[in-house]
Amino acid sequence: MSTPGTNTDATETTGHGDISTGVAGSGDSNASATRITPGNALRPEDIALEVRTGLAEPTEDVAEYALRLGDDALILAQRLGHWISRAPELEEDVALGNIALDQLGHARSFLSYAGGAWDKTEDDLAYFRREHEFRSVQLFEQPNGDFAVTIARQFIVSYYQFELYRRLTESKDATLAAIAAKAVKEVDYHRDHSAQWILRLAGGTEESRTRMIHGLRLMWPYVNELFQDDDLTNRLAEAGAAVAPSTLREDFDRLTGDVLKEAELEVPDVPAAPGGGRFGKHSEHLGYILAEMQVLAREYPGAKW
Amino acid sequence: MAAQNLQSVPAELSPEEEAEAQAHFDRVMAEDSRIEPKDWMPAAYRKTLLRQISQHAHSEIIGMQPEANWISRAPSLKRKAILMAKVQDEAGHGLYLYSAAETLGQTRDKMMDDLIAGKARYSSIFNYPALTWADMGAIGWLVDGAAICNQVPLCRASYGPYGRAMVRICKEESFHQRQGFEILLELSNGTPEQKQMAQDAVNRWYAPALMMFGPPDDDSPNSKQSMAWNIKRFSNDELRSRFVGMMVEQVRVLGLTLPDDQVRFNEDTRKWEHGPLDWHEFQEVLAGRGPCNAQRLERRRAAHDDGAWVREAAAAYAAKQSKKTKEYAA
Amino acid sequence: MSPHGNPEVPASSATEINRDAQKVSPAVVSTSSTNDRPVVEPVETHDRGAWGLWEVFVRSSRGLSHVHAGSLHAPDAAMALRNARDLYTRRNEGVSIWVVPAEAIAASDPDAKGSFFESPQGKDYRHATYYTKSEGVKHL
C-alpha cells in the first residue's frame, strides 16, 4: 500500500550491500524544503463517513456534548477568520489562519459526530440552527477587539481546551477520544502562541501593556462559564465519556497563572458573567455572527456547494 | 543596512571592472544560468526586478481581500476551510516575494509604505468587487489560473531568489485553481439560480483575467528587455493565447460559456484568438480609478497602522530581552 | 571579477583579493568571535516596530539535512521559529527548523567566483571514476 507522501523518501528504499546506490540514494540528495504531503490524520470527512456508515454513533448525551465543543470551536474559527488579511504583520496573518483552521477542523469533527444522533450533517447543524439552539459558551463569541483582546481570548481558550482535550483523549467514547487526540496537539501550539504574545504585549511598550491588561479584563468575566458543571456533564463524567468542567479549573488557574506571573500581570479581578451559553443563552454578539455565517446557505436551502 | 551578506549591494566599480562584470552578467544570461544577490547586475536589471517582484508581492497581499470578503459567509464548512487556507496561502506568497525583493536591498516596510501611499502598483484585477459566492469560483479558476500561467515560466526567472519564491508559490497554487473550478462545477450542476450565479461570475471575471497578462505585445515596451534578461520567458500575447485555449476546454466541462463569441483557434498562426479587450478600462483601473482601489488600499493601510503598536511591542520586548541577556552574561 | 569556467581569464588577481577582504561585514566577525549564541538586535528602520529578517532552514524528514526554505520577519528567535513553523511547514514540509538572523550569515562573494571555487576542478583523483583499472573487480 502506498500512503501519500511517503513514497519519495529514499531512506526507506536504500538497500545494503550496494554502496554506490547507498550514497546516491540516501540522506542529503533528497533534502528539500518544498516537499509537500497531506500527511495522515483524522479528518472531519473520516468521521462523517463513519457516522454515515454506522461505524460511529453517538448516544444522545454524547451528541449533545459534541455539539457544545463543536459550537465553541466553530464560533471561534468564525471570529479568527476575520483576522486573515488584517493581522499586524503578514507572518501573523498566517499564524492566526492556522489557528482558525485548526479550530474549524475540530468544529467539523465534533459537529459531524454530533449529527450522527439526529441524522444531520455538519452543515445542517452549522447553518440551519437558530441562535438559541447553539451551545457555545459566551467567551467564544466575544468580538476580536484589538490584537490584545484576541490574544487574551485565545489565551483563555487554548489553556481551557488543552486541559479538556487532554483528558478527553481517555474518553470511553472512542470517537470523542480520537477527535481530542488530534485536537490536543494543535491546541498545545495555540497555548504557546498566545503565551508568547502575552509576554510580548505585557513586556513590550507602555501602550501594549495597557492594551494587554485591558484585553484580559474584557475577557476574564467569561472564564467562569467554562468550568460550570451541569446535568449533562455530570452524567457523561460518571459514564467516563467526558470530564466535569469544574475539574479542569485547578490546572487552568495554575498554568495561566504561571504565564501571567512571568508577564508580571495580575489575574484580572473582575466579576464573573453568569453565562448560559450551554443552554442557548448567548451574548448580544452571537446573533450577528450567525446572521453573517448563515446568510448564503439559508438563501438557498437544500442547495449543494 | 541589515543582512548585507545575503543582499545585493550596488558596487562602485572602475570602468574596466564594470565592463568585465557586464561581460560576466551577459554570459550568465547567454547560458541561461542564474544571477544571485551577490553577483554584479546592471542597475536597470535590478530596478526592473525590484519593481516586478514588489508589484507581484503587493498583488498577492491586496488579492487576499476580495476572497477574505467571503470567508465568513462561505456556504459550507468545507468551503470555509478551503477558502481560509487559500487566502492564507496568498499571505504566504506575498511574504515569499517581499523576501525575494529584500535581497535586492529594499525593506519590506518601505515596500509596504509605498503600497499604502499609493505609490506602488499591483494587479488591477483585485480592484474589482467579489459580489457573490460564485466569484470565489471564478477567481480561483480564472484569476489564479491566469496567475499560474504567468508564474510557471517565472520559476525559471534569471534572478535566483525570484525563481525560488515562484517554485514554492507554484507548488502551493496547484490547489487554488482546482478549488475554484470545483466551486463553479458544483454551482453549474446545482439549481438554475446557482448556475446563473456561476455564469454571471465568469462573465465578470473573464476579461479582467485576460488582461492580467498585461498589454498587447505592441504596447508593452518593457517586455522585450525582460525577455532578454530571462525574467520573462513568453510574451504577454503568447501566454494570453495559451490561457484562452485552456479555458475553452475547461469551460465546456463546467457547462458554462465564455462571454466572448470571437474565441477561435487560428489554424495559420496555431494560436488561440479572443475578442477585443477594453484596454482603456485596464489603464483606468491601474491608474486608481477602478471600483475598489480606494477600499483595497484603505484596508491595507488600516491593517498596517492598527498593527504598528503590536510590531513595536514585540520589537521593544526583544530589545529588552537581549539587553537582559547581555547584562546577565557580563 | 572573474567569470566562472572561463580558462581565458586568470582565476585570481591581487586587487580582487583585497577588494574582497574589505567586503567582510563586521557583523560576521562579531558573531563568530562571541562563542555564545549571537544576540541580535532588531534592525533599525524608519518604522520603530519593523522586525528583523531571518533565514529559515527546514529538515524535511529524519536523516536529511536542513535546507534553506526562505526568509521571514520576526522580532526575535522564539517568534522566528514559530513563524517559520506556521509559514514553511504548513504542508508537512518539515520535522525540524533552524532560523538564523540574516545578518549573522557570512556569504562568499560573489556566488560564482573563480578563485574560490575553481581549484577543485581538474582534480579528478578525488573521485572514484578516476580509477579505471579496478573496474570489474567486485566489492571495490
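Things worth noting here:
In order of appearance the chains are A, B and C, and numbering begins at 1 in each one.
Methods note: a residue touches a chain if its C-beta (ideal position, glycine included) is under 8 Å from a C-beta of that chain, and two chains touch if they have at least 3 such contacts.
Quick caveat, the model's predicted, so the values are computed rather than measured.
Shown here, the protein chains touch in all possible pairs. Central chain by Cα centroid: B, whose mean Cα position is closest to the mean of all protein Cα atoms. In terms of their C-alpha centroids, the spacing between chain A and chain B amounts to 32 Å. The distance from the centre of chain A to the centre of chain C, with each centre set as the mean of the Cα atoms, comes to 39 Å. Between chain B and chain C the centroid-to-centroid distance comes to 28 Å (mean Cα coordinates, whole Å).
In chain B, the residues that touch at least two other chains are 88, 92, 95, 168, 172, 308-315, 317.
Residue positions 34, 36, 89-91, 94, 98, 200 of chain A each touch two or more of the other chains. Contact of a single residue of chain C with at least two other chains is seen at positions 51, 69-70, 72-73, 75, 79, 87, 90-91.
Note for the complex: chain A touches chain C at residues 5, 9, 11, 26-28, 30-39, 89-91, 94-95, 98, 189, 192-193, 196, 200. Against chain B, in their complex, chain C makes its touches with residues 1-3, 6, 25, 27-28, 36, 39-43, 45-53, 55, 69-73, 75-76, 79, 87, 90-91, 101-103, 105-112. Within the complex formed with chain C, the chain B residues making contact are 2-6, 17, 20-21, 23-24, 27-28, 36, 38-40, 88, 92, 95-96, 99, 102, 107-110, 113, 164-165, 168, 172, 308-315, 317-319, 321-322, 325-326, 329. The residues of chain B lying in touch with chain A in their complex are 61, 64-65, 68, 71-81, 84-85, 87-88, 91-92, 94-95, 98, 133, 167-168, 171-172, 183, 186-187, 190-191, 193-194, 299, 302-303, 306-317, 320.
On the side of chain C, the complex with chain A involves touching residues 51, 57-70, 72-75, 78-79, 82-83, 85-88, 90-94.
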